[in-house]
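Just so it is clear, A, B, C and D label the chains in written order, and each chain counts residues from 1 on its own.
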Amino acid sequence: MSALDSLRETFRRDQVFDFMRQGTRSVSPGQLDAGDGKNILYLEDITVSFDGFKALNDLTMYIKTGELRCIIGPNGAGKSTMMDVITGKTRPDSGTCFFGQTLDLTRLSETDIATAGIGRKFQKPTVFPEHTAFENLELAMHDAKGTWHSLFTRMSGEQKSWIEETLAQVGLLEDRDKVAGLLSHGQKQWLEIGMVLMQKPQLLLVDEPIAGMTRQEVERTGQLLQSLAGKHSVVVVEHDMEFIRSIASTVTVLHQGSVLAEGTMDQVQNDPKVIEVYLGE
Amino acid sequence: MRDSTFKSALSDRTAKTFMGVLFGATLLVTLLNQIFPPDSALHVSAYTVTLLGKYLCYALLALALDLVWGYCGILSLGHGAFFALGGYAMGMYLMRQIGDRGVYGNAELPDFMVFLNWSELPWYWHGFDQFWFAALMILLVPGLLAFVFGWLAFRSRVTGVYLSIITQALTYALMLAFFRNELGFGGNNGLTDFKDLLGFSLQSDGTRVALLMATAISLAFAFVLCRWITGSKLGRVVLAVRDAESRARFIGYRTEHYKLWVFTASAILAGIAGALYVPQVGIINPGEFSPLNSIELVVWVAVGGRATLYGAVIGAILVNYGKTVFTGIMPEAWLFALGGLFVAVTVFMPQGIVGLVEKHWPTLKQRFMKSDSNDDRPSAQGEPS
Amino acid sequence: MGDTFSRILAACLLIMLTSLSWAEELLPEETAPPQTTEETPAEEIAAPLSIQDILNQLTERSFDMKEAAIRQLAEQDSPRVIPLLNALMERELVHNRENDTISLGHKADGEWQLLDPVSEQPIGTVNSRAARPVVINNRLRTVINNQLALFALNSDNSDARAEAAEQLIGNDDPDMLSALRLRRESEDNARVIEQIDTALNIAALSSDDLTTRLNAIDTLSRNLHPEVKNSLNDRLRNTEVDAEKVALEKALARIDARIENFQTADTIFFGLSLGSVLLLAAIGLAITFGVMGVINMAHGELIMLGAYTTYVVQQLLPNSNEWSLLIALPAAFLVSAVVGIFIERFVIRFLYGRPLETLLATFGVSLILQQAVRVIFSPLNRTVITPDWMSGALQINPVFSLTYNRLYIIFFALAVFLGLLTLLKKTRLGLQVRAVSQNRTTARALGIRSERVNALTFGLGSGIAGIAGVALAQLTNVGPNLGQSYIIDSFMVVVFGGVGNLWGTLTAAFGLGIANKLLEPMAGAVLAKILVLIFIILFIQRKPRGLFPQRGRAAEE
Amino acid sequence: MSFSKSMKKLAAGVVASSAIVYSGAVMAADTIKVGVLHSLSGTMAISESTLKDTVLMMIEEQNKKGGVMGKKLEPVVVDPASNWPLFAEKTRELITKEGVDVIFGCWTSVSRKSVLPVVEELNGLLFYPVQYEGEESSKNVFYTGAAPNQQAIPAVDYLLNDLGVKRFVLAGTDYVYPRTTNKILEAYLKAKGIPEKDIMINYTPFGHSDWQSIVSDVKSFGSQGKKTAVVSTINGDANVPFYKELGNQGISAEDIPVVAFSVGEEELSGIDTAPLVGHLAAWNYFQSVYNDANEAFIDQWHGFTGDKKRVTNDPMEATYIGFNMWVKAVEKAKSTDTDKVADAMIGIQTPNLTGGMAVMNENHHLSKPVLIGEIQDDGQFAVVWETDGLVKGDAWSDFLPGSKDLISDWTAPIKCGNYNTKTKSCGGAAAE
């Protein structure tokens, strides 16, 4: 944000000066404030439009701390766009998007959001092809991320073992030194999940985790995600109804950029609107 | 031990081989030049010494570029600018050292200022009579320029072709600026007719050899430094930025900082190269800013082989040696050879000479692999570490 | 100052036509054999001399002598005067060193065909070094032109008269003025009258009568002819009369004010013209680089090839310079296109998806092309003749004129642009090009032979570069370095405009062109350029994808 | 050889050691090697490649005559590729590696400046054939081109006296030659009583191609009542677009004559000169000069290049003079040793191509006639004015404050390139 913008910020009529808002800013910026019972993510009337076409149409949705939420919806329903908004890749035209009580995600950069505790696994697995699996995790590891630090840092024993644990968790221990580019599609998916885990995120956004996985792999992924829920909040976007049924507590159906229905799997499946949409396809 | 430190980088095998070859060659040349009388068959003339010195400067420059291009994926078409700025800083020092031995015998002003009747020394020339100051500037000026430029560019995520083109615009603008005599850097003629450096006459073989040595040492130092950087976690992050920038951002790296860091570091190295270059060739002028030079530099790295460091060095030396030879034996046609080489390399050996060698010489490859498993990414094939 | 030179040519031609007719009638009487005089003309001055004698004085080296001779010649009452003066202007009066006489001469296969200056009868030939054209300098040219103008005043053609009158403006030689006055009475053509009045008014400025002077000043204050301004300034320096001073200052102020406006108009025109040059240079690149994502460093050399093609065409058709350009255009297009396709097939084909490496390869290619040209055409610049319809300027008024070549080039650039646009939008090839540039795999899936399309696209881009070369050959050097001087600017334009967007390229070209020209007066040529570059750098920071960002292979990276 | 060893130990002194390198190199040679140091590629190839051919032609001619001192001449051609540091490197190569006895080369000032330290260090011999800004005189360099007082000053005199010019535009490319020349002219014009406001100075970058604004400025500057002329020191490449623009904006020589110092027959050969008739150039030689020596030279040139259209120009004449003088000097000194030849050079006379004699002065500059020619429609110049006698080249201009007291005299007792007549001392490093 350039100096000018911040100046404008200071003089916004609808806002009190920062120094007077001390009370509300009890948590220093970058710190998450999402105690138990509170929601960890607030999306309120978010609208995003790409030259005319509304990808999100005042979408409102809340994610509770520690819950595992599945999001379904036909193509172009705005699932990925929503993820982009949360991770700061896309800026909404209107609406608010808070991480916990204090962090206004629409103001933070991708990096800030990542460090604040939101990890994202992309739809198309993106890992660092020329690094080994181990190194991929090392890079993702929750740690100081400054340039000078990374120049002088040496990996400590527990960091090493932590990485190995995660490798085991995503079942890549024997491929630890394989260059990521050479891993199979499924392995890449896992590696990426592993990387997200290494970030110690509060909130995981998982975009189509099981694409291109075998049956067994799918099951293991399911277990993995469930095991994560609780200490982390997890948002899964998926097409595969079976998979969702197998893991989901709450399901949100997106349609044309806004929430069509929300509830348990059975509820949404019997929801006439949902049926209409899906049969309509 | 995965995270290389300066010490480990110093002691790793490639570095050892590299420095071995480097110092071996320079020492040999030095001895041949100093011990044998000029008329003996074994004598190495001052010509060869300065020539070698020039090659090593270019090698250092290529090394600097390889760091940003090979490892960080930033194709800078403006690295010549940093080289030239370093050169000018050194040139200004040498200029002031001439003192009253200029043709006009003016102790204050360099000759070109006298005959364009400048009344007194422009402010930015002050301090350059001190070597330490000049030395500082050699690091500072290119560094600062790179920092400011990079900060602007990377912050606003200018990438790929766009970045390349504006780096080119940068060096082009600087060239035009330095051509202007009003700027007070001697315009097209640049700075020349240097007398001595730190009190040693630039025309004595002793100084020449010393300069060659200095260049060799700084090249070796830079090489080890680069290996350290690329071997450290920073190096891995930088590679990550090159391969999947957004991914790196989403796991919490301020990629622009990393790019900026590497870009600046590389610019400083380029500056040093320039500073060593000037006293050996005896002139610095705006031609060094010419965008074509920068492009050619990129080609050296491509010829040698990207993201291998020593590839860049080999490329720079080979191409320039070729130039020296061909401009001599086939003055009319050498450009054909050069152009042909560039085309052939980019089309038929994208990994450059080094890549080719590694492919067709498994035994050699083995040797490299062992020592390079940490950081020789392009050739990494899931080798054991 | 208008295009004096071409004006003179026109005048002379007409005069020759009119005068030749008389010459033929009078020939029989004038068949005196060419005699040569050994005496120096100095002594002879008094006695009446034959035309041949007068001419022979031109063998003198001193220009004063020559001038005297010319004036003498002009006074002769003979139909030969005008043709001879023209011959002198055209360097067709030659000094035969063998017998030290002057005669008409034409060079033909290394020899001078000499003609008798009076009878125009051939009087033999001498080898090319035995005779030399009579040398005249600027002063003599002015004298001759004035004399010719004087004659032309009474020509039947009104344009000739007008030009003659303008030539005489600011000339204070009394008998010239009287001639003008004489003409003024019988003259009916408005344009001629205007010119004559200007001339007479200027003369009136130096009359002794104040009121005449004031009137003259008043009428002149509406006149932009530079001579007017000069003479008013002169007057202002010399006059003591306050009333006149005031009047003069008012008049000058008025004139300057008008000139001011026209100068801004000038600057805009210059900007447009520079813009059109940039557009021509960049537009081919907008295809190869913008649409295909090939960083073609050899683009400049393709332009150069176009320029050389123009040269070759003119060499092949030596006596058709007027329309040889029309042949050069398609020729240049073909040559560059073929070379382009060649490059694409043998180099770039292997490098798709690696834009930064195409840069290196094509840089090599550019070196080769340059040296090739040096070897074939020698490193010297080559002459490209500018056809008459392209030289000179469109004189809107004495202070504001648009040079034809630039005018044409502006239109030409726009034409090329529109042509290209329609090609891409309307034709099947255009469709395929865009398809491939968007997504080659899908395009292939749809059965588009992307191989072929690529080759054709690159050929197209290169061909257009060739066409640009034809135009640029009219403005600048045709030499091996032609390309280098345009390549960087072209890239700036394309990137500034936004890769892959033709409209962007158009806007960028004209935008930068005009900006440059607006800066130039205050900053100077170099600084202006630097400022523009810095602006581009900063602009790219703000909008990292240029003016009109567009998706496309180059934009992807 | 023991001698040279001890020498080596004794003297780190460069001159000595390299003198040995040098002599050692030539001892073996039974031919005399002549270095040719002109760019064959890059931006300067346009002008320089012609001079390369000229030298080769002269050598061929000389060898036909039986060489020099019974030895054949052997040309060594290298390509410094218009790259200034490369000029220095190639010089070193020519002298130490090839062991040439003399070098003919350079065109731009910067290339000469870059070569200068090397020839001085290795005590080589350089003949520099191009008109230049002066302000230099080296023991090892002979300047056969014009110094400012052999081109600029007479030209301006012609404008002042013969054409009655009152206002001057000094237009040049922004590098040292125009800068210095214009400084000199400015001082000179002021001395002649031309007020500041009647002098317009304008600099443009190399290869400047868009002259619209500048030409129209000149046009309006010229329409102020007083006779105006342009003194152009615009460098090679930029001239074509400049003259084209002049022609198109209808500036004829009668209105505003342009007198150029860097435009010769060769530059014109790239332009359609019809609209330029009457514009001027000042040189020491024109191809159109009529005398047998010149005709012979032209024929020889056409023969050598096999191209009847090839033109000759002033730098070629300078090369011609320089070469002949060197031959004479070598025969006079009976040696190719630099110092001997350099001493022999002074006072040498050879015919120039304009019907007179060229004299090498003690300041290593020539005495030459100055001619002013008007451009003709056939791309040639017609001489309209020339100096009565020879003008002696002045190494240090009297019109620059820095150098008015400096002279150059390489004969005993002064033996100095920049001798200060005030302090009676040899200032600067050129002393040794």
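Here, a residue touches a chain if its C-beta (ideal position, glycine included) is under 8 Å from a C-beta of that chain, and two chains touch if they have at least 3 such contacts.
Everything numeric in this text was worked out from a predicted model, so none of it was measured.
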If I rank A-B and B-D by number of C-beta contact pairs, which comes first?
B-D
Where chain A and chain B are represented by their mean Cα positions, the distance between them in whole Å
44
Whole-angstrom distance, CA centroid of chain A to CA centroid of chain D, is 74
For chain B and chain D, let me know how many angstrom lie between their CA-based centres, rounded off.
36
Based only on mean CA positions, could you tell me how far chain A sits from chain C in angstrom?
67
Among the residues of chain B, which ones contact at least 2 other chains?
176, 179-180, 332, 335
Chain D residues touching 2+ other chains are 40-41, 174, 203, 205
Residue numbers in chain A touching two or more further chains are none
Can you name every chain pair that touches?
A-B, B-C, B-D, C-D
Taking the complex as given, what residues does chain D use to touch chain C?
40-41, 43, 45-46, 49-50, 163, 174, 202-205, 207-210, 212-214, 216-217, 219-220, 223-225, 237, 240-241, 244-245, 247-255, 257, 266-267, 269-272, 275, 277-278, 290, 295, 374, 376-377, 382-384
Give the list of chain C residues in touch with chain B in this complex.
289, 293, 295, 297, 347, 350-351, 354-361, 363-368, 370-372, 375, 484, 488, 491-492, 495, 499, 526-527, 529-530, 533-534, 536-538, 540-542, 544-546, 554, 557
For chain D, which residues count as touching chain B in their complex?
1, 4-5, 8, 12, 14, 17-18, 20-21, 24, 40-41, 77-81, 83-86, 88-90, 92-93, 96-97, 108-110, 113-114, 116-118, 121, 135-136, 174-176, 179-180, 183, 203, 205-206, 400-403, 406, 417-418, 420, 427-430
Under the stated contact criterion, what part of chain B meets chain A in this complex?
2-3, 5, 229, 232-234, 236-237, 239-240, 243-244, 246-255, 257-258, 261, 377-378, 380-385
Any idea which chain B residues touch chain C in the complex?
75, 149, 152-153, 155-162, 164-166, 168-170, 172-173, 176-177, 179-180, 291-292, 295-296, 298-299, 302, 332-333, 335-336, 338-343, 345-347, 350
